[in-house]
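These are the structures in question, set out in turn.
Consider the two complexes below, in which subunit A is the common component and subunit B and subunit C are the respective partners.
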Partner chain A sequence: MTGDKRGVFTPAGRCEMNNRKGIKRILAIRGMGAAITAFAGLIVIYVAFGILNPKVFSGQNILNLLRSMSKYLLIGIGQSYVMITGNIDLSIGSVVGMSAMLTATLMTLGVPPLVAMLISLCCGLMIGVINGFLVGKFRLPPFIATLGTMFVARGIGYMVNGNRNTDNIGIKLGKEVGDRFQDFFYYGKTAGIYNTFWIALVIFIALFFLLSKTRTGRHIYAIGSNVDAARLSGVDVVATTIKTYLVSAFCSVVVGFILCAQAGMGNMEAGNTYEMYAVAAGVIGGVSPLGGSGLLLGTFAGAAVWQTLENGLNMVGAQVGIQRIVIGVIVVFAVLADAVLRTGNGLKKSK
Partner chain B sequence: MDLERVTGLIAEESKGMNEVIVSMQHINKSFPGVKALDDVSFELRSGEVMALLGENGAGKSTLMKILSGVYTRDSGELYIFGKEYADLSPRLAREAGVAIIHQELNMCRHLSVAENMFLGRELRGRLSLRNADMEREARKYLDELGVDISPRQTVGDLPVSKQQMIEIAKALSVNARILIMDEPTSALTSREIDDLFKIIRQLKAQGCGIVYISHRLEELSHIADRVTIMRDGQYITEGNFSDFTMDEIIQNMVGREIKEKFPRVSCKKGRKVFEVKHLNAGRMVRDVSFDLYEGEIVGFAGLMGAGRTETTRAIFGIDPKESGEIILNGESLSINKPMDSIKAGVVLAPEDRKKDGLCTKLSVRQNLALPNLDIICNKAGVVRSGEEKELCDKAIADLRIKLPDTEVNVDTLSGGNQQKVVVGKWLARNSKVVIFDEPTRGIDVGAKVEIYNLMNNLKEQGIAVMFVSSEMPEVMGIADRIIVMCDGRITGELDAKATSQNEILKLATAFENKIISADDGK
Partner chain C sequence: MENEILRFSRVTYEKDSVVYLRDFELDIQKGEIMGLIPLNAYGLEEFLELLKSNDPLYYGYVYYNGKKVNSWQDMHRAPNKITVIGSENSLVMGQSVVSNIFVLREGFGQYIIRNSLLEDQLRPFLQDIGEDIDPGSRVEELSAYERVLVEILRAVIAGNRLIVLRELGTFIAENEMGRLYEVVRHYSKRGIAFLFISGHLEEISSLCSRAAVMSGGRILNIISSDKLAGSIWDALYQEHSDYAGQGAGRPGRALSEKEVLEIRDLKLALGARLTVTVRKGEYLVIRPLDNRVFDDLISAIFGDYKPADSRFYIEGDKTVLCRDRRVALLREHPEENMLFEELSYLDNLLFTVDHRIPSVWGRSGVARSVRQELSGLLGEEVFGKSIRELTQKEKIELIYGRILLQKPDLVLCAMPFKDEDFSMRLLLKELQEMLLARGISIVNITMNVADSAPLADRIIEIAAICN
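Right after this comes the complex of A and B.
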C-alpha cells in the first residue's frame, strides 16, 4: 500500500546532487555567506585605504600586513574554536604573555630554544586543560572560569623573571642562536614572505581541516548548537570542550613565541587584551559568540580586516583614538547585522 | 497453493508480529513527596500501536522515561525483548532498541539533516569524515519513510513536522524497534498528521512496537491497536482499542469521585466588569471572547497546551496581541505591557510561581512591595519604609500568610503561602480582576483549600476571578461557570454545578482539524 511509493524522487535528487559542483556547492556551506561578506568588506576597506594612500598597495606593506595579521589570525582561530561551542576564552592574552615571558626567560638562562619552547607549550596547554575542565566538567560559566585563569597566567608571566622584562634572549646562548630564533618566527622570509605568515598558515590549514572535516569538529558544532542533544547522541561533551580550550591555548603559545621573537626579549605586558582582539576577529568573520555556527575562513577574513584597519588608519595618519573607535564600531555592526538578519529583519516583521 | 505452507507462513508471521517485546511489571517510582507510579504493569507487542492514555499527571511520561532509561525505577521488573534489565541507562536503552520521539524536539538546529542523524556515531575514513556516505545513508532512511528532505538541509530551516520525520528516521537508522511517541501530533497540521500515520502504519508492518501518547482521543481510532489506561500513577486497565467505547475510555481516565471537598461559597452575581472580545495572539489564542462578572469565579478548563496560559499572557500584556478588545467597567483598555494592565486593575498570578511569580532570592517584604513601588515611594524615588511596612502587614493579615518574619526569603515559605504572597502583591492596588493560572499546581491538599478560600475571599469582595486549571474536579468544585478551551479556541461554556467531567473532556478534545483517514487518501 505504501511500499510502492518509495524512491520516487531518489534518482533525480541524487543526480542533481552529484552534478552540483563549483561555486554553487561552496555557497551552500553554512556560514560561507558571512565569511564571503567579510572578505568583500576586507577588499573594500583595503582599496579605500589604498586610494587615500597608494603606499598601502606597496609590496613591502603587503608583506608587513600579512606578517602582523598572523598574530590575530592565530588567536582568532583559538577563540573561534571556543566560541563555536558557545563558550569564551578570556585567558588567551595572558597565555600569550606567559608563553613569551617563559620562553624568553628560559633562553636568557641558557636553555636551548627548542627546550624553552617545549616547556612554554606544556605550561600553556596546562592552562587550556584547566579551562576545559572548569567549563566542561564542572560547568562553571566560561566567563568566570577563564577570567580566573587569565589572572593566574598573567601572574605567572610576571613572576618567572622576578617582575621584570627579560634581557635579550641571546645574552647567554649567543647572538647567533638568538638571531636564528628571531628569524624563524619573525624576521626571516621563505619564498619571499615572512615566516610568521607561513607558520600561521600551516596551523590555520591544519585546524581548518580538524574543524570542518573530522568528527571532533562536528562535535564542536553540535555542542554549540544544542548541548543536550549532543550529549544524548553520545557526544563526549567534556572531552570536546577540553579540546577546544587546548586549541586556543596552543595558538596563544605560538603567538607568544612570535612576540618574543619580534622583541628579542620577554615583555611582561605581551598579549595584553589579545583575547578581545580574538573575539573581534571571529565575530567580524561571522563566528557566532552564541555557538553553533561560523567558519575559520571567516576568522581569516576577520583577522585581515582588523589588521588592514589598523595598518590603513596608521598609513593615513589617523590617531590611535580614532583607530579604536572605528574598530569598535565595526565589531558592533558586524554582530548587529548578524542579529538583525537572524531574526529576519526583527523590526519590520512584527505586526 | 499449498494450504499447509500458507498456514505455516501465517503462523510464523503472527509469531514474529505478536510477541511481547516490552514487559514492565509492578513498577514503582517515587519523587520527593509524590508517588508517581504505584505498581504499574505495561506490555508492548511487536507490530502494534499501543495507546497510553491518562490525564495530565497520571504517570504516562514517568513510565516511558523509565523505559527509555532517563529515570531509574524504585522497584519492579523490566524486560526488553525478553532480556531483563536491572539498571537501564539511556545508552543501554538505546542499544536495546528503544527510542523516544520527544514532544519538544531535540536536535542541533545549526547542523544538517545527515549530521544530526549521525551525531555521535559519525562514519569516519582514514583522515576525515565520510560525508558523502553519511548523506547517502541518511537519504536511504528518509526515502524509506517517503519524506522529501535533502540530507544536506539545515535542520533549523525545516518546519517542525519535517524535524519530527528526521527524528523518526534517526531512530530507524540506529535500528530502534520500540518507538515512544509523546504527543507527536500536537504541532502538526492535519495533512502532516496524515503523513505521520502512514509512517506509523509502515513501521508497524515492519514489526516495530509503538507506544503512542496523545490527548487527542479522536485520532486514536485511526491507528491504535490496543490501549493502556493510567490514572493517578496507577494502572487501570488495558485491552483492544476496538473493545472500548470513547465514553468508557474517558470514564477510565477520569475515574475518581467527582465530588471532593471544595469549599464553594455562594455569592450574588453582580454586574459585568470585564470583557474580552475577539482576542487573537498567535496560534494558541484564536478569537477568544468571554465576560467576567463581579463576585464570580470563572474556571478555564482544557488540556495542557489548549491556549489558556497564552490567553492570560496576552490579556496581561506579556505577549503581543494581534487583534481584539479588552474592556474593564465599560472602558476599553489599551494594554501593551504588564504595567498597563496592573495600573488598570487587571492582575495575574502566573502559572510558574518560582519563575514568573516571585523573586525567590528576595524577602517577602521586597516581593510584596515590588509592583507597588510607585505607591510607596516619595517623589525622589526613595522607599518610604513606614508605608511599605503597612502594605506588607495588611497583605499578610488579609491573606493570613503564615510566616516568621517579613524579612525571610520568600522561597522558604510553603507553596500555599508563596501563592498568597503572589496574590498579596496585587491587593494594595485595588485590583478589579484577578487571573489565577494553575494556582494549585505542585502544592498539597491542605494548601489547596487555602487557595480556594483565597479565591472565595476575593469573590466575596466583588472581584472577578479568572481561574485557569487543568484539574477538572477543582474547576467543577470552585468555579461558578466553566469555559473550556481547546487548541487556542473556546469550545464551550458550562454551568459548573450542572456539568460532568465527561462533558468537559469532550469539549476539551474538540479539535478543529479533523483527521483525514490515511486509508482512503493517497
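Right after this comes the complex of A and C.
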C-alpha cells in the first residue's frame, strides 16, 4: 500500500510526499536552480576530462584543484556580494595585488607577518569603504568608481617597493618565519587537504550565513532587487553598499596573502584581471549581474567550474587560447541564461 | 461615416490565448470628446495598445479616419497616428519643448536643426491656446500640466486626428484641469477627437458629450451627455456610491489626542509651506493645489531630497521618515514600485518586520507561523508564487499585509487610488479602513480627493503663494 491519491496514509507514501515537498522547496529558492545546474555542469566537465585523461581523477590533482579554486572562490564571493546589490567591483584584482605587495614588502622589512597582514587588511578595507561611499553615498556608477580605485590600488602596489617585485619574504624575518607563513596560506595541509581550501571554506561558510540568514543579507538582496523600495522600507542603502564592498575588499586581501605565500614574495602583477575571474565565477554560478538574485553556493560551483576547466584543458594539452575561448563562451551563456530567465524572452513563441 | 474618426466594430482581441476584448463596439466622431469609464481595468491596456499598433485581431474591424486600418482578415497593418497621454509622459527628458514637438517625431525632414526657426513655428500654436510656455525650456522644467499641453501640441502638429487622455485628474491640479478642458474644447472645435478615460463621473460629465462604460473587455453601454446624470448612470454607480457614502465625513469618529506625526514648517515650491500634526488613527488627506508643490512635497516626504530646514517628528522625535519603521511609506502604484521581484513572497511579506523580530531571517519557525497566521487573509496559494506571477490584487494585498506585520504608527501614501479601476479602488478602501481600525494613521497626499474624501477625517489643501 502506497497511500491514496493524496499520498498521505502509509509511511512510505508520506516519506515520498515529504521528499517531493523538500525538493520543491529547495528548488523554489531563487538562484538554487542555477547553482544546481552549475554543480551538474561541474560533474559533467570533470568526468569528461577524466575520461580524456585519467590523471584528472588522481588524489593529488583533486587536492591541487581544491587549492587553486580557493582563490577564485574567495574573489568570487566578494564579487557576488557586490553583484547581488546590482553593482560591480573592478578593484578586486588590484586590491589582491596591493595586499600581496604590501604584506611582502613589510615582511621583507622585518615586520612580523601578523602585523604586516593587519596593515594590508586595513589598507584593503579602506579601498572597500571608499568604493562603498562613492557608489552608495555619491551614487557614482560602480563601473567608474571602482575603475578609479582599481588604478589607485594597483599604483599603491607598485609604489610600496619602489616599482619592483620584493625579495623573499623571509629575508629579514628568517626562513622559518617565511616558511610558516607560506605553509599557513598555501603549502601546508590540515586533515590531508591544503590549508588554502580550509581558509576559503571557513570564509565561505561565514559569508554564506551572513548573506542567507541575517538581516544584512536580506537587505543586500533587496537593494539589488529594488533599491528605491528598499530605501523606503528603512534599509540604509549607503551602509549596506559599503558592507558589500568591505566583504569584497576583505576577500581580495586574503587572496593577496595566498598569492604572497604561493610565490614567497610580492609580485607587482599579482591579481591581474582577477576582477574578471570573480565576475565569471559569480555568473557561472547563477549570480545575476543585474542584481537581486544569486547564491554563494552557485559561486562555489562557478569557481569550481572555472578551475576544473583550466585544469582539465591543461591536462588534455589544450592551448591557452582555447581555454580562454571556452571559458568566455560559458560566461556569455550563463549571463544570457540569466537574462532569458528574467525577461522570459525566447521562452514564448512569437505569434 | 464621413465624420467618423474611429470605429471598433465587433472586435475580439486575444493575446497569449487570453481574450481581452470581446465584441468591442466603439465609435468616435470628428471633433467629439468621448468619455470612457472603465469599471475594471480588464482589457483597457490591450485596447490602448490595439488602438495605437493595430495588432492582429481574432475577429472584427477597426476604422480610423475613414479607412479600414485593421481587420481579422488583413495581414498588412501599420500603426495609427493616435497619441495616448497619461501620467507616464512620452516626452524625452533633457530635450527642449521644440525638440520634443518637432524633431523627435516621425517625418521630421530637416537635417540641420534651427532652434530659433522651430521656436517661431511653435509660438502661434501656444498663442492659439493662450498658454505661455518657453519653447526653449527643457521638458523636465515644466509642470505636469505643461507637459500634457506639450504632448497635445505634439499630437496636433503631427496631424493626429484622435488624442486619448487617460486619468489626467490624478496628477493635474483642479484649477489646471479647468484650463486643460478649455484647450481640449478648442481643438475639438477644429475637428480633433478626444477619448477621455477616467473613473470619475464628475470629470466625464464636465467635459464629454458621450461616455462609454467598459467592463471585462466589453463596452456595456454608451450614454449621451443629457443622460450622464440619469438613472442608468446611477444604477451603474450604485455599489460604488453606496460604499463611498458609508464613510462620508466619518461623523462622530473619536480620534485619540495622541500625535503621531508632526511636520514643522516644510518649505515647498512656489512659496508654499506646510505645518501639520497627525493624530493616532486619523485619516488625513493633503492636497496640493499646484503640481510643482505636489512634486516637492512628495520628494521631501519620500526622501528624494533633504530640505534644508524641514522637520519631521514622530511621537515627538525628530526623524528621517524613510528610515523609521514607525512609518510605512507607499509610493504611487506600490504594486510596481514597492515589491522585490527577486525575493520570495514570504521574504517580501516579512521584509519590514525585522525591527520587531530580529531573528526572522534565521529561524524558519517565525516565517512558518506568520504564514499560518496570514494565509487566512492572503490565501495559501500565493505563498508558492513568485512576485512576477501575482495578480495586481495579490500584490496590493501583499503590500498591505507587510504593513500589518510592520505595525507602524503611520502610513504615508502618495495617490493610492491613481489609475485604479473601481474594483481595485474598493479593495484599497477596505484595506485602508482595516489599517484605520487598527489605530494606524494614514496620510494620503493626492491631487484628486474623490476617492479619499469619504475616508478622510481632515483634508488640507496647500496653495502656492507665488508663481
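Just so we're on the same page, the second predicted complex is superposed on the first by the 324 of 351 C-alpha atoms of A that agree within 3 Å, B and C clash if a C-alpha of one lies under 4 Å from a C-alpha of the other, contacts with A are read in each partner's own complex, and residues count from 1 in each chain.
Assume contacts are C-beta pairs under 8 Å (C-beta built on N, C-alpha and C of every residue); 3 or more make two chains touch, one makes a residue touch a chain.
Everything numeric in this text was worked out from a predicted model, so none of it was measured.
Contact with neither subunit B nor subunit C is seen for A:Gly86 once the two complexes are overlaid on the shared chain. Applying the stated contact rule after C-alpha superposition, one finds that A:Gly285 touches neither subunit B nor subunit C. By the touch criterion stated above, A:Gly298 is placed in contact with neither subunit B nor subunit C. Contact with neither subunit B nor subunit C is seen for A:Gly271 once the two complexes are overlaid on the shared chain. When the two structures are aligned on the shared chain, A:Gly97 is found in touch with neither subunit B nor subunit C. Contact comparison for subunit A: of subunit B and subunit C, B touches the greater number of residues.
By the touch criterion stated above, A:Pro113 is placed in contact with neither subunit B nor subunit C.
The contact surfaces that subunit B and subunit C form on subunit A in the two complexes overlap at residues 28, 30, 213-215, 218, 221-222, 224-226, 228-230, 232-234, 292-293, 351. Residue ranges on subunit C touching subunit A, taken from their complex, read 16, 56, 302-303, 322-325, 329, 331, 337-344, 347, 351-352, 354-355, 358, 360-362, 384, 386.
Across the interface of their complex, subunit C is touched by residues 28-30, 212-215, 217-218, 221-222, 224-226, 228-234, 236, 288, 291-293, 348, 351 of subunit A. Listed in rising order, the residues of subunit B touching subunit A in the complex are 90-91, 106-112, 115-116, 119-122, 124, 127-129, 135, 139, 143-144, 146, 148, 150, 152, 154, 198, 201-202, 320, 322. Partner subunit B is touched in their complex by these residues of subunit A: 1-3, 5-7, 9-10, 13-14, 17, 28, 30, 209, 213-215, 218-219, 221-222, 224-226, 228-230, 232-235, 292-293, 350-351.
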